[in-house]
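In order of appearance the chains are A, B, C and D, and numbering begins at 1 in each one.
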Amino acid sequence: MALAQLVYPGAVHTRLHHSLGAYHLMCIAISELTDKGIEITKEEAQAAKLAILLHDIGHGPFSHALENILLQGVSHEDLSLLIMHHLNSASNEILKGHLSLAIQIFTNQYPKKFLHQLISGQLDVDRLDYLSRDSFFTGVTEGLVGYERILKMLTVHNNELVVEEKGINSVEKFLMSRRLMYWQVYQHKTVLASEKMLVKIIERAQLLFDQKNEQVKTGGVLDYFLTASHWDLNKIDLNNFSQLDDTDIMYAIKQWQGHSDPILSLLCNRLLNRQGFKCIMQSDPITSAQWDEAYQLVKSKFPLEEKDLGFLCFKGTASNTLYKNDNETIKILLKSGEITSISQIQNALIIESLSAPVKKFYICLLKE
Amino acid sequence: MALAQLVYPGAVHTRLHHSLGAYHLMCIAISELTDKGIEITKEEAQAAKLAILLHDIGHGPFSHALENILLQGVSHEDLSLLIMHHLNSASNEILKGHLSLAIQIFTNQYPKKFLHQLISGQLDVDRLDYLSRDSFFTGVTEGLVGYERILKMLTVHNNELVVEEKGINSVEKFLMSRRLMYWQVYQHKTVLASEKMLVKIIERAQLLFDQKNEQVKTGGVLDYFLTASHWDLNKIDLNNFSQLDDTDIMYAIKQWQGHSDPILSLLCNRLLNRQGFKCIMQSDPITSAQWDEAYQLVKSKFPLEEKDLGFLCFKGTASNTLYKNDNETIKILLKSGEITSISQIQNALIIESLSAPVKKFYICLLKE
Amino acid sequence: MALAQLVYPGAVHTRLHHSLGAYHLMCIAISELTDKGIEITKEEAQAAKLAILLHDIGHGPFSHALENILLQGVSHEDLSLLIMHHLNSASNEILKGHLSLAIQIFTNQYPKKFLHQLISGQLDVDRLDYLSRDSFFTGVTEGLVGYERILKMLTVHNNELVVEEKGINSVEKFLMSRRLMYWQVYQHKTVLASEKMLVKIIERAQLLFDQKNEQVKTGGVLDYFLTASHWDLNKIDLNNFSQLDDTDIMYAIKQWQGHSDPILSLLCNRLLNRQGFKCIMQSDPITSAQWDEAYQLVKSKFPLEEKDLGFLCFKGTASNTLYKNDNETIKILLKSGEITSISQIQNALIIESLSAPVKKFYICLLKE
Amino acid sequence: MALAQLVYPGAVHTRLHHSLGAYHLMCIAISELTDKGIEITKEEAQAAKLAILLHDIGHGPFSHALENILLQGVSHEDLSLLIMHHLNSASNEILKGHLSLAIQIFTNQYPKKFLHQLISGQLDVDRLDYLSRDSFFTGVTEGLVGYERILKMLTVHNNELVVEEKGINSVEKFLMSRRLMYWQVYQHKTVLASEKMLVKIIERAQLLFDQKNEQVKTGGVLDYFLTASHWDLNKIDLNNFSQLDDTDIMYAIKQWQGHSDPILSLLCNRLLNRQGFKCIMQSDPITSAQWDEAYQLVKSKFPLEEKDLGFLCFKGTASNTLYKNDNETIKILLKSGEITSISQIQNALIIESLSAPVKKFYICLLKE
């Protein structure tokens, strides 16, 4: 959860935990569907399990927080897929060729579309796991999700995942949890401000690196990735990528505390000493007056050039870009046998509310 | 939880558990408010704790299910208050006179209105306890309530309970839980049908009793209450009332299995053998056609007089009458210091939805 | 848990919960063993599940507390078996003949002995469930048992259940939990004293009944069982037995409060008003001096005949007779492939301690 | 928990969690004791809370695993005390002078000895927290400790902490948990082997550093500590020490993978790729034959000088040196008012067993 632990100290769980958890839920889902008479062959089951185990393997250090910053133009899904292809053609005899079906499912090219939907869809095991896990480790109990019941309510119709009618309440609760976790945890203003500070540090280091500043180099594998240029997926050295982890970033930040560039050392010091940006977050757009006030305040404290001030004072919008809201709807299997969208259900009051756009506006500024 | 255990076998927790739980939450609430500088004297704290410990003492056997059936015209709150007055004037030296303040708070006659609101209001410790407890013991995890956080978010303004702005998400979740528990548990159609069968049994026994049928008498304290007449609160023998419990009802039902009245013995046999009413529940009113079909079906199976058929086939509406929706609104203390109603909060999407009327229509009928 | 709820108010869980829980653990156990290559046919699995579901069906009201009191000379296992035979030969087509294998397993006549051991043995699913469940509902967390791990460590050798070496710690903890629950809960002196009061009530009622006292009759099914005579298993009316439950006992006690026999009414009043026996429990035998002091105290308070005083003052020993310690040992499968008894394991320090006899001595006396 | 996560992936909880948890338990303990009439002034309470918050602040990276390796001759308690003194005399006005009482308690120089015992004693809140926490995060449920009950059973006699008689079962369970966690988690042979590999890496780096090998320097604060010399507590630069964390060690290991010294790079590669030492652990001392076989095996695979082979093959003993068994006994307050040692209690069977020496012998060797 990147830097969420600065607000929720318990949130130190790892990507390994999430991958094993999502895998566990996939096993349950497949077992439930099979019990209901949905045909899933042994090969398909194994492929779906492999795909979910590997679905996040393309995440780099601090995952979402540095996605598209550290490797501009490359999503973690692209990298996950690249690594799956690599493993599939590796010399390793255990894996060689055994990921072909997993890749088809992962990329939604397999006819049994529901297998893909279990990995990436409105009710996928990825979300079921991370919402449950993140609620638990942050202590935000309101976000807990009844994943056992949701998995029991799933079935398949025309090769697509649908939810049995009596599961509607659980699905509503799940959507409610997502919304709540989104604002209370993932986009909590102090979490957001800390993660933006991390972003600004990397962007500053990239700027210096691209200006041939030697002092910014760490001597480690991070140097390979310290460019602001857009990457060509096929030119990424996967060996280097697999070596890169949070340690490289944290070590660099510790070293850059003493860097001669005043912006870089300032930001690094502030992050390590937990003196992050002040963040104003609101439902209405930031007004010119608000922006001017913030900008002038920072300018008066830190006499810097215009182009550098942007590292200490900036604005933006928070919406659920990190956790994408697909266009897919959740389909309900009525007791009558009909299929309908959850938004068509009478008394399913919350759905409409939850489909409203969620967007907040923020300013981050460094105070003395 | 009356007969909810027929659907949710775990739901065998008792009124004692609930009373101790609500008392525990009251202790936490008072401690939190005191820590925030709200003045609560030692006497007020003790009185509020006594009041919550006793708030449900007026419930009879099977609580809500038989309320207003077994003692027509008398609510459990009336009885709780009567018992409190009785204890307050009892010869028992520990209690004598010590409940006066508790009674003032319970009846909302005490100036510090928030003490009453903690016992009976939109966010009282009664609801916080029963929602949490009932969710837990039924296994309906979606109903879980973050009571710890809600209690931490409470404060007082103008002697009324208000919620700090940052607690809005938790309050929304709480309202959502109430709605969900209402339909998924308290008014679950099989639970409702079972509790209606219990009601019909008592109503039939009352009819026979008022017709001087001697065989309906049990020989126990229940006989004192076996009349369909409206009760005058002040004429109830509290000693008899305090002796009456679920055992008397269950024993009577076991005995009435062999009663010569065919309706009474039929209903008792069916309840004990878990062959309850079939229940149709829907959002639209029951149509004449639906009613006729059901009625004719029962009539054909059980050749009875018109006046007796009503014990085997009847219709009604389910709405949250058991768990009253006061007119009170939940007040929010904004960071700016202003007070507003939760329904005025931007993005508090769910509130509006939840205030919509909730009503369902049902037919119960006995099948062979 | 009979009257344990007088000390541990949460302990209101039911025999249905336990039966479903033990069934659930049996399903896990069978699945684990099958995964390890132990052959268990579909029929054997179903039979073992049926046997565990029915293993306690012969328990009467207040289970262990009134076992051998209400139906003298008959154990609950005998009755369970009788009921299984009855169901097996019933006209019910679903059951008829389908319990034969379950009965063979239950009575340890089936060659795959490990199936019987899962139902009744040192590490059976019965104990695993009730220890876990009773710990949970009493809140005695020290009694919690790692049943998931123990089930994972089970395997089969020569048709007998054995534990893999790496499970030794878990088994030690399980034995420790049994011992702890035994003294802290099942034989807690206040629980014991309450259950003995229940026993004395029934014994007094039996005495009166056998003396043809008409007032002791309740009018219900309990009357059939109100004799102190030894029962012949084959003469018990199973229909009557299946009707009998806690309600009959509790109703009788409520009625007997007003009985003309002073001993019976006194004991019933005391139990219902939670003014039970005072209990002295100790590791050393009760001395004559202790006994005399207690007896004289009771005699001075209640001027009764010698033969009646025994209902108000008596002594006994508490040892684990309720939860029998079979002679069977727990067998360990060493990594070397050898089988050994757990007591032979080096460093398995606790085993020896736990095999020591556990016995305590008590006096119960009624105080004014 | 150093490298325990290689065996128990959930065990990623941090020292911050433990410090906050132990602080929380201290708050409960003080509140319980105060409720029992033990006099604890506001200043004493605050000092005890400060002392427990800071009790582990002297731990370096990977805590116990590198204690006395990275800073030879210096214990973490020495460093905690040094830092407390430093904070107490710091220019920071909030802390200056306010730690004097905390230091007295921490060093057991304060007359109310029980305050020290709560921080460091047989039943201190440190152990209660780490056993509970480590059990939870490893999933070794057998290690769970009933800390709430133990804290409720504590009282004070002659300024020393004693346990009320009825808490004996809980204390026995606590001691049992310590023993179980010790062997199943803290000294699990794979955990031990991994932590020994970490030790060997640091020792090798120290050797190279002391031989003036420049390549071993990382450029970071670790370099300051990379000597095998014994440290003089008073010469440690606390600013450097406070900068040092797990990141520095992990980054160094990543860098040293490419070091020219074959032993150092081999060990680093192996640790990062989870190909640790094979570990043989047993109750009997390692025989010459066992040692020779292991040594010759390593020698045949890695043709190295005698003095270097010791980094790849070595033996030792595991006993509870990390978690010291003080000579202090646990004192029990009998109902009679007498004080006795828990080992004198009749039927306290386990105590004697647990006081037996626990020692295991191991060989670690690197296999190809």
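As a convention for this text, a residue touches a chain if its C-beta (ideal position, glycine included) is under 8 Å from a C-beta of that chain, and two chains touch if they have at least 3 such contacts.
Source: prediction; values computed, not measured.
Note on connectivity: the fewest chain-to-chain touch steps from chain B to chain D number 2.
Of all chains in the assembly, none touches chain C and also chain D. Put simply, the C-alpha centre of chain A and that of chain B have 44 angstrom between them. Rounded to a whole number, the gap between the C-alpha centres of chain A and chain D is 35 angstrom. The geometric centre of chain A is 53 Å away from that of chain C, both derived from CA atoms. The residues of chain C never reach two or more other chains; the list is empty.
Put simply, chain D touches chain A in their complex at residues 9-10, 12-14, 16-17, 20, 219-221, 243, 247-248, 250-251, 254-255. Interface residues of chain D facing chain C in the complex, by the touch rule stated above, are 140-142, 144, 146, 148-149, 169-170, 172-173, 176, 180, 183-184, 283, 346-347, 349-350, 352-354, 356, 358.
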